[in-house]
Amino acid sequence: MRSAKHISLLSASLLIARKDLAIEFRTRTAFFSAVVFALLGIVIFYFAWDPTAVAAIDLAPGVIWVIFTFAGLLGLHRSFGVEMADRAIDGLLGAPVPREAIYLGKALANLVFVSAVEAITIPAVALFYNMPFGGQGFAIAVIALLASIGLVAVGTLFSAMAVNTRLAELLLPMLSLPFFVPVVMPAAQATARLLAGRPVAEVAGWVRILVAFDIAFVVACMLAFPFTLEE
Amino acid sequence: MTEADRALHQVVEAHGLVRSFGGRRAVDGVSFALAGGECLAVFGPNGAGKTTLLRMLAGLLKPTAGAARIAGVELPGGPDVRSVVGLISHASMLYGALTARENVELAAKLYGVSRPRDAALRSLERMRVADRAETPVRSLSRGLQQRVSVARAMVHEPEVVLLDEPFTGLDAAGAAALSGALVELRSNGAALILVTHNIEEGLSLATRAAIMNGGRFVRVEEREGLDAAAYAASYRELVS
Amino acid sequence: MSDISLRGEAARAPVAATRASGRGIDWFFLVAVVLVVITFVRVVYFTPVEAIQGPAQKIFYLHLPAALAAFMAFGLVAITSVLYLWLKDPKLDLIAESAAEVGVVFTTMVLVSGPLWGKPVWGTWWTWDARLTLTLFLWFVYVGYLVLRGAIEDSAMRARYSAVLGILGALLIPFIHLSVYLFRTLHPMPIVLKPSAPSLPKDMLETLLLSFVSFTILFFAFLRARYHLALDRAAIEAEDRR
């Protein structure tokens, strides 16, 4: 009999995350689609409102976060698609790998994906909307990270479910968006305040909600994930 | 092997395995025992439950009823069972965008194989596909993909190998490489369960032959002394 | 043609003989309906009109009990979801399905009656009132739940996935509540008069209580009827598969 030392949750998660990112890096289609979608969205929003009525700086946070959620959904959708193509998921399931590692690994890869899209679109917004990001840049980055964790935690789980259903493209946004609201709202509100030059202490309440949401849903989704696998 | 010998080296034991989906029993009471070095060929029509049986033994599905042990571990044994089993199915279970070596190396790492890169290349070499190791899998022909798939399944030197129609899509060279690899595994003490439509190929590797229909083994006999042609004829009659 | 229908009926005969729904009069449901009718009569004719809000205020006798029923349904979905993942009993999944469908109906009632009440009394169709917003999200989760169920053929997978969504949906509710609360404290919002029960005069309170009782009974009547339907459908599905 083989020695009972199996791969740890962390190592397996990292392996799976690296694998997902390697695949995405080779093809890059999802990433480019998400970035182009985000940029187009930002531009459309700019032309869709009356600049004399609402200043760019007031509109920007809302626009950023709405765009991120939809661009993120594009990326989330492909997360499990790649596993179903040749039943590669059976390869993962047949290995002595804890099932939660599949969830964590994919969520991590999705987080990198979403963060990469954000890293490109936030400067684009600063450019198109003529906004100074300057001093509050770090705080905004932290908020973006916390919010992305929340989006990815829920989105990864729902994409695991949606990929097995008939209406995958419709179902993923439909199920995810109500869950994105307690993420998007605090993120947008906090970003707005920071851009307006308010002190960081003022957005503490919003940050707390984000952290609470992240902890609650990463744990809940990780525990729920094995139930999305047939066993 | 004598009965006594076999009893000492059971690698796979199944007792009344049942698997239901909703109200339907896909596997309806399967029992058998297999020792290291033996190969059980399972023939049967579509829908007989062969794939479901293999998936249970591979740790992908939990039995609804009955019991089974793989290398002494009770099913579903979690990682302990999965680490000694290799599964080959008609889906390649490969990531098209990654190279052959990357796919096999990933499996090696997930199974905790030491020096995963070397193990991956060795496994690819055994399946005569090492020269395409750095090619993305989706650029390979179906036959070569299947060879990579086999290399992937065997990189951790499993004690039990489950094969679901593995010869599908393989050309003569690929089939020869697979047979060679399987014979080698058998002589190293692995137990094989081979599900196939191809009676000739199945019998050429088997030490025991079973026919599965309606979720059950309706006929089981030792390979020794079986006339392949007669067996094939009676099989066709049984399932028509 | 007639051959096919005869065969179909013969196949269904075993289920028809033992089926739970549609046999005779559903007395429980009848009682519930009668109670609701009595309630309405009392609301319209025998309850005084509220001084400030006028006759439109009477919608509240529907709005509040419907909200209670909606949240009860949701709680039932959450509880049966947890129990299903633990015990794997398909009946639990059928209860969850029934509760979700009934819940959607009551939630819609709340969302429709809210604006109908709001417009004449406060001048706006919609206020992002904490409770109304929460109910709106409840509606979205319910609808997502039912669409998810509709998109899955395999009954075991459907039950598992629905249970996961049911539990996560329940986890979502406190976060929505918190978000809306934070949002409202930082933004000027129209002040919504909270119809608090203790300050209601006696006969209004009695009407409200009667309404709560009759709506709750109606909820359970709907639930029971829908559950029987679900049982029969599952039995027919099982037969068709054999």
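First chain written, first letter: the chains are A, B and C, and each begins at residue 1.
Operating definition for what follows: contacts are C-beta pairs under 8 Å (C-beta built on N, C-alpha and C of every residue); 3 or more make two chains touch, one makes a residue touch a chain.
Just so you know, these numbers come straight off a predicted model, no measurement behind them.
**Student:** Both subunit A and subunit B are touched by which chains?
**Tutor:** C
**Student:** Check A-C against B-C and say which one is joined by more contacting C-beta pairs.
**Tutor:** A-C
**Student:** Measuring between Cα centroids, what's the chain most distant from subunit B?
**Tutor:** C
**Student:** Quick one: most central chain, C-alpha centroids?
**Tutor:** Central by C-alpha mean position: chain A.
**Student:** Measure off the straight-line distance from the CA centroid of subunit A to the CA centroid of subunit B, and report it in whole Å.
**Tutor:** 39
**Student:** Take the average of all CA coordinates in subunit A, do the same for subunit C, and state the distance between these two points in whole angstrom.
**Tutor:** The mean C-alpha positions of subunit A and subunit C differ by 32 Å.
**Student:** Please work out the Cα centroid separation of subunit B and subunit C, and write it as a whole number of Å.
**Tutor:** The mean C-alpha positions of subunit B and subunit C differ by 51 Å.
**Student:** Counting only residues that touch at least 2 other chains, which ones in subunit C make the list?
**Tutor:** Those would be 156.
**Student:** Provide the list of subunit A residues touching at least two other chains, using ranges where the numbers run on.
**Tutor:** In subunit A, residues 230 touch at least two other chains, as defined above.
**Student:** Sort out for me which residues of subunit B touch subunit C in the complex.
**Tutor:** Within the complex, subunit B touches subunit C at residues 21-24.
**Student:** In the complex of these two chains, what residues of subunit B are touching subunit A?
**Tutor:** Within the complex, subunit B touches subunit A at residues 58-62, 71-72, 76, 78-80, 82-85, 87, 89, 91-98, 102, 106-107, 109-112, 136, 152, 159.
**Student:** Which of the residues in subunit A end up touching subunit C in this complex?
**Tutor:** Listed in rising order, the residues are 154, 157, 161, 164-167, 170-171, 174-175, 177-179, 181-182, 185-186, 189, 205-206, 209, 212-213, 216-217, 220-221, 224, 227-228, 230.
**Student:** In the complex, go through subunit C and note every residue touching subunit A.
**Tutor:** Its residues touching subunit A are 85, 137, 140-141, 143-144, 147-148, 151-153, 156-157, 160-161, 163-165, 167-168, 171-172, 175-176, 178-179, 182-183, 186.
**Student:** For a test of understanding, state which residues of subunit C touch subunit B in their complex under the given definition.
**Tutor:** Per the touch definition, subunit C meets subunit B at residues 154-156, 237-238, 241-242.
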